[in-house]
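Labels for the chains are A, B and C, by order of writing; each one numbers its residues from 1.
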Amino acid sequence: MNGKYMFSLLAIFVLFLLPYVGVTAFGLKTLFGIFIPLIALTIFIIGFVRRIKGWSESPVPFRIPTTCGQQKSLTWIESSPIDNPTTKAGVVVRMILEVMLFRSLFRNLKFKRESNGILSYSWELWLWLGALAFHWAFLVTIVRHLRFFAEPIPYFVRALEFFDSFFRVEFFTDAFQVGLPGIYMSGIVLLAAAIYLLARRILLAQVRYVSLAADYFPLFLIIGIAVSGIMMRYASKVDIVGIKAFTMGLVTLNPTIPEGVGATFYVHLFFVSVLLIYFPFSKLMHMGGIFMSPTRNLTTDTRAKHYSNPWNYPVKTHTYEEYEDDYREKMIDAGLPVDKELAEVKE
Amino acid sequence: MSDLPKPDEFLTGIDHKMPQTDWMNTPTEIRKGMYCYASNYKSVEILGLPNARPWNPLEDDWKLPENWQQIIHEGFKERLDKFRSFKVFMDICVRCGACADKCHFFIGTGDPKNMPVLRAELLRSIYRNDFTTVGKILGKIGGGRKMTLDVLKEWWYYLFQCTECRRCSVFCPYGIDTAEVTIMGRELLNLIGLNIDWIATPIANCYQTGNHLGIQPHAFKDMLEFFVEDIEEITGINVDPSFNRKGADILFITPSGDVFADPGTYTCMGYMMLFHYLREKYGFDITWSTYASEGGNFGFFTSHETMKRLNSKMYAEAKRLGVKWILGGECGHMWRVINQYMDTMNGPADFLEEPVSPITGTKFENAKSTKMVHIAEFLADLIHHDKLELDPSRNDNFKVSFHDSCNPARGMGMFEEPRYVIKNVCNHFYEMPANTIREQTFCCGSGAGLNAGENMELRLAGGLPRANAVKYVHEKFGVNMLACVCAIDRAALPTSLEYWVPEVDTTGMTELVANALIMPGETKRETDLRGEPLPGMEEDDA
Amino acid sequence: MNLKKILKENKKQIIKKWFDAVVETYPSDTAAFLKRQKDPFANPVGGMTIEGIDGLFDQLCIEEIDPEKVTSFLDPIIRIRAIQSFTPSKAVGFVFYLKRIIRDEVKNDPKLVGQFRDIETGIDQIALYGFDIYMKCREQIYEIRANEAKRISFSAFERAGLLRDKHGNDPGLLHDAEDLDAENEESGAKV
């Protein structure tokens, strides 16, 4: 047993009990439905901004991009404008590939031809795929949830839902709804990918060795969010209209507690709140940090353009004059030119 | 792995199935063969760096200043405020493990603390404890720990097992660069006088005499004049290098290792022959300097400030001599410093001109501000314009492969220029496997000041991944010569290859060029620069 | 029943067990990497180890082991272990793990036990070669150190004329050992 993930699992269990017991036994619906989410959102926004501000306050004294392609030098040598970008446009493309496709992680992929001629690729492919699936599914799921926070539901949210769902036999009118809700791929993928990333952390000795409790906790939390969300949608069938009324109330800052919404909803909402609060103080800030990573977001034209260091300061050097003073006689004997002849200094 | 094995362990092989201890609870043992000797206090004094005193890493007492924890804490804070890279890298690692097996030291030594992520965690754990609220509250469970003497020793041991090669940063999804973390860590260690001598003494030498080896001006000139004799013996031509000459067009700076250590010396001879050829044919005007007689910069392995102090000589000398621009020789970290730091630290070099090749008229637009051109860029341009008369068959005894040096690869992106040059002066060229060259190149195992003698096991282990790829091309294509553009490579690879692939030798790019270069008025050459008979001349040798 | 034949038939699983036992001599997370990463360039230690034990195993299965071949398979593995902070016994001891693995195959089959002794002798032989290689590697490390120092300073002294140059001209300030010996002999002769 590994104390680190047991600790995180335990923490998630306690976080589950809080709203569950709070709502079912003590009826703390206002606390878990209104106050905590609003406080969480506030902490998230302030914390996130403060973190970004903290990073921006430290200057970038030297430009240290990692060059992963041919430099731009002689005109007849083909350079890599993305992996070794000399222009801002190149940097933008590099960053887009990095942020949207996890390009550096993709470099992990290794194809290998086995002796029997079959192409095999190593485990690293799964890290890249797993991470990609996880992050994209997360994004789709978040965007999908905008349906609860906007009226009318924006067109792109509807379009996304359409592409994200399958087995959808559903009729919505203002008055009633019938049929089966579509199954959202994003939710399933998110859960599967999160479980994969967790399993990888627990099962691969190498990754387990470097993992901290802080690495397991958000995974458990996100799994909790996904499970409670899926439960609500497919199992406990919460009253969507009621929830929408509630969420619209939240965004218009005129919240009311909906009737007929089960404890699962409060658990879901509480997990999300915990994630929001946890986010700015954790490694999850890599979401903002990646945009500020000096090995990726800078141009490589460091010899073509002068860049200054805001805190550059003069240093003590050993000047040529001092050097010549140290060695003048020997230099003259060896026939090396000197700035001051012996006679000049001997006076 | 050092305790005496129990008798049954020989036969069962399960001696490491012991309950795994968390890395934070695994104490560091400073092992012979893996660490470098402590800095000589005299060298530390010359530079006026803190806490100069004799000390021995194997002793319990490292003779630290009383308030060392405070110094480290304040130094840490100062660097977080000064370097966004450091701050961001401390915060955003998710420990995905993508970097773990990319480090040559992890691959070669099998020591888990050589995984880049853990090397950085050594500092991150202190960062969390000292500078984050959550880290303070959660303590160990949050991945934080207090700065103790044991942690300090762990830092020292493992930060001097990193060659700052940046291979891990290529694979990191956030671009976290362990080199940057090591650089900061070493800066902090230097604040309390914990350097290694293989770095401290070269920087003291460089500061005082102009080069790492401490060659005084007259001796530097002497050394090059011995090469003049050797060249005359081989080619019948008397090359005549000039020194500290005011009014020359171009200043040439190369690592001093090439002046003193084989096989770099042959590369040095190559430069001299090339410059002579260009002077005779095209009136090329270049001078060497005894004051700025070091391209390499071990200050880079100490602190940003020391790097700047040593690097300042390049521009200062260029200004004093009134040259138009600077040409730089083959060196690894020297070029990382020039490409990414020099202009910012000691520039702008307004007193120099934008570099133009006087022979081809090519404007080196990419060096417009720094005004320093790499010899491989310069040579590739010459060859492209057909300005060199070459006989590649003189290198026919060599089957050549090219080792991308870490810094020109990942801190510059110079991949094609040296390959173009080498392919034009050699008939037999073979690449090593794709995941061991270019931006994925493996370190020689001895960079960043670790090429001492006492840490030989570490260097050989770190050199294994590179040597393994060399062995592959040796067995597959018969490769017998490994070319590189780095003076540390030329010092380190012969050693590493002697152990792993003794059939393969090491050379600089310019040595191969000089072998092939047909100099005007030369006598029929019988040997290459190393005195080995040229192809077809073997019988004459007898 | 022929034990060698049985071994050949079960080669794949025996090699796997042996390899696993060898990599278990590393810390567990390192062992996981050595097993998992199949690319020989990304994982030379694992690659060379599997290649080497595969060859050694074949040697055990033929009539008589060929010392040269055994050395060629053993050398890459021991060469690595000689620089990895293993004690000599641990660097070489992995050879013996095979005994336990084969013993499991043999179980208590009386017909095979006799043949097993032959195999055991082969394994002992391989281990002894292993010690030779280990010693050679360790010596070489010291030689390499000396050679490196020589490349740096000795050649410089030589160029600077401080040593007898390659043409045998008049030596400079320093005599090399041969000269000193010759002088000593001369002076000894006079006395």
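Criterion: a residue touches a chain if its C-beta (ideal position, glycine included) is under 8 Å from a C-beta of that chain, and two chains touch if they have at least 3 such contacts.
For clarity, every value in this text was computed on a predicted model and none was experimentally measured.
More C-beta pairs in contact connect the chains of B-C than those of the other pair, out of A-C and B-C.
In terms of Cα centroid distance from the overall Cα mean, chain B ranks first. Taking the mean of the C-alpha atoms as each chain's centre, chain A and chain B sit 34 Å apart. Centroid to centroid, with C-alpha atoms defining each point, chain A and chain C lie 47 Å apart.
Note on chain placement: the centre of chain B and the centre of chain C lie 30 Å apart, centres being C-alpha means.
Residue positions of chain A touching 2 or more other chains: 110, 204, 206, 209. Across the assembly, chain B contributes 20, 100-101, 112, 222, 435 as residues in contact with two or more other chains.
Those residues of chain C in touch with two or more other chains are numbered 28-31, 33, 37, 39, 42. Interface residues of chain B facing chain C in the complex, by the touch rule stated above, are 1-2, 4-5, 9-17, 20, 31, 33-34, 100-101, 106-112, 219, 222-223, 226-227, 230, 260-263, 265, 433, 435-436, 453, 456-457, 460-461, 464-465, 468-469, 472, 491, 494-495, 498-500. Residue ranges of chain B in contact with chain A, taken from their complex: 20, 23, 48, 80-89, 91-98, 100-101, 112, 115, 117-118, 121, 132-134, 138, 141-143, 166, 169-177, 180, 207-210, 216-218, 221-222, 243-246, 290-291, 304-305, 308-309, 312-313, 316-317, 320, 338-341, 343-345, 347-348, 362, 364-370, 372, 377, 380-381, 384, 409-417, 420, 435, 439-440. Contacts from chain A toward chain C in the complex involve residues 110, 112, 120, 122-123, 204-206, 208-209. Per the touch definition, chain C reaches chain B in the complex via residues 21-22, 24-31, 33-34, 37, 39-45, 47-48, 79-80, 83-87, 89-90, 93-94, 96-97, 99-100, 137, 140-141, 144-145, 147-149, 151-153, 155-156, 159-161. Only residues 28-33, 36-39, 42 of chain C touch chain A when the two sit together in their complex.
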